[in-house]
Amino acid sequence: MDNARNKRLLESFERSEIMKHFGAEASIISDGYFEITVSKQNFMVRPAGMFNGSTIATLVDISSGYAAASATRQNSYFTTVELKINYLNPALGDKLIARAQVIKNGKRLSVVRSDVFSIQVKGEALVATSLVTLMQLQNRNNETQID
Amino acid sequence: MDNARNKRLLESFERSEIMKHFGAEASIISDGYFEITVSKQNFMVRPAGMFNGSTIATLVDISSGYAAASATRQNSYFTTVELKINYLNPALGDKLIARAQVIKNGKRLSVVRSDVFSIQVKGEALVATSLVTLMQLQNRNNETQID
Amino acid sequence: MDNARNKRLLESFERSEIMKHFGAEASIISDGYFEITVSKQNFMVRPAGMFNGSTIATLVDISSGYAAASATRQNSYFTTVELKINYLNPALGDKLIARAQVIKNGKRLSVVRSDVFSIQVKGEALVATSLVTLMQLQNRNNETQID
Amino acid sequence: MDNARNKRLLESFERSEIMKHFGAEASIISDGYFEITVSKQNFMVRPAGMFNGSTIATLVDISSGYAAASATRQNSYFTTVELKINYLNPALGDKLIARAQVIKNGKRLSVVRSDVFSIQVKGEALVATSLVTLMQLQNRNNETQID
């Protein structure tokens, strides 16, 4: 595991405007794996109280980008080419966890699966699964790794 | 066009926590078509300044739900079954418009295409396209139409 | 495990024109899981010799339908609502195996992941992954279970 | 329009084992657009008589590859990165037409929408729509353009 790179990724995560906005925490990071947790806020819920699809889509998108970045040694960043999400169950509970795992770490393209769970009284429930394709780009201007 | 239903949809849109949060405006509504506009805020952008993928995904999800609802006469609401987005071009500019059009208005399932444009100096640019599948559910408890 | 239902599914598989055409074999079946194997034929390959994307898409589609059917007790059949495939690696080798697993077995909709592997000299390689949404329909006229 | 390139694409189409197998015809080709027609055969249909999802997936995959190739001037070929199909209506009738249009013609990645129609007594019906991502690769060994 490349600790220097993972440290840079976590710093990038903490600087991220959208992740600050969501009050998100990066809980686990290892090569090709990234986990994000958020706690419920008003703008994240549907009238009936469960987390909305947009919040789930945001976690899928961001967790996939960091998972892809954690799998490479290069000074590069990733941009989302496309994403596809299946919503499986109502996202009851007060916390969401996105668990993103790289399936394919290619030279130019990476494919990541991000599963989203909600923490419910009876335990964790899988609320969405996804497939995300990302493209690796050279980091010419020392930009933030991830955006 | 069913004006009473469209009025209810717009009222639902104005009550929506997430749309208030985004400062979003519903610009055009007709049977099977719904358009949403947002202006740039900090949490919507990548470090390099363009709109991020999560904001685009949010507009796709919400605009598709309202477009599907605008195509039916029934007292029902829609839940997103799955969505797929292709990011095509960097979303430069200060405004995003999502234009959602129903392709298939089935008894139980609807399919919507939402195209997202950014307003740039040289005009509008298509920044993302999508396909969204939604399921129609009976509105038993007079819930808000859309969430 | 419902042996009577699984027997009917296998009989349906053996009657299937497209599966006969592909010389496909149903290798394993259990509740919510279905596996199909095919051996290379001319129409399945790209000029460079690997299996083409269409053959992989066919295996994804068919294996998902049978996996969904194997997870229910009802006299019903499934129609594909939508499918999404990521092609991950060149499908070298002479055999393909599709392994379809139900992720969500809902009242009306099921979601299946079908992973496709090719048998190569050095062992199995994952060549594609997918997410497939299917709708359950009542079998009113005693039709073949799967088509 | 680059007639020499389009001629090479049509020759490649006629050599294609899978397209011969389907008895497919390339009906129209222009920059970024490709159309394929097939007539019904036994292996293309479900027990109830309509075209099956695998045949539709095959037409989507192949038509997208040729549409992407018709939009570039380079001596390159395209490989499918991922595809997503929504099945909208039963594919009744005896003929299918896939109409593939490039939406984004990027340096490395192209995005194509292929709509599939069936010819029915009352006219054409849209039976499926799709989004396909393809990657452009250099044709080093003078391989067939498309596979």
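We just call them A, B, C and D in the order they show up, numbering each chain from 1.
The criterion applied here is as follows: a residue touches a chain if its C-beta (ideal position, glycine included) is under 8 Å from a C-beta of that chain, and two chains touch if they have at least 3 such contacts.
All values reported here derive from a predicted model rather than from experimental measurement.
Colleague: Can you list every chain that touches chain C and also touches chain D?
Modeller: Touching chain C as well as chain D, we find A, B.
Colleague: Which pair wins on C-beta contacts, A-C or B-C?
Modeller: Between A-C and B-C, the larger count of C-beta pairs in contact belongs to A-C.
Colleague: Would you mind checking which chain's C-alpha centre is most distant from the centre of chain A?
Modeller: Measuring from the centre of chain A, the most distant chain centre belongs to D.
Colleague: How many angstrom lie between the CA centroids of chain B and chain C, rounded to a whole number?
Modeller: 34
Colleague: On a C-alpha centroid basis, what's the spacing between chain A and chain B, in Å?
Modeller: Result: the chain centres lie 22 Å from each other.
Colleague: State, to the nearest whole Å, the distance from the C-alpha centre of chain A to the C-alpha centre of chain C.
Modeller: 30
Colleague: Quick check: what residues of chain B touch more than one other chain, meaning two or more?
Modeller: Touching at least two other chains: 81-82, 84, 86, 131, 133.
Colleague: Considering the complex alone, what residue numbers of chain C touch chain D?
Modeller: Touching chain D: residues 15, 17-18, 20-21, 42-48, 52-54, 57-58, 61-62, 79-87, 143-144, 147 of chain C.
Colleague: Residue numbers of chain D touching chain B in their complex, please.
Modeller: Checking each residue of chain D against chain B gives 84, 86, 88-89, 103-104, 111, 113, 126, 129-131, 133.
Colleague: Which residues of chain B touch chain C in the complex?
Modeller: On the chain B side, the touching residues are 81-82, 84, 108-109, 131, 133, 135.
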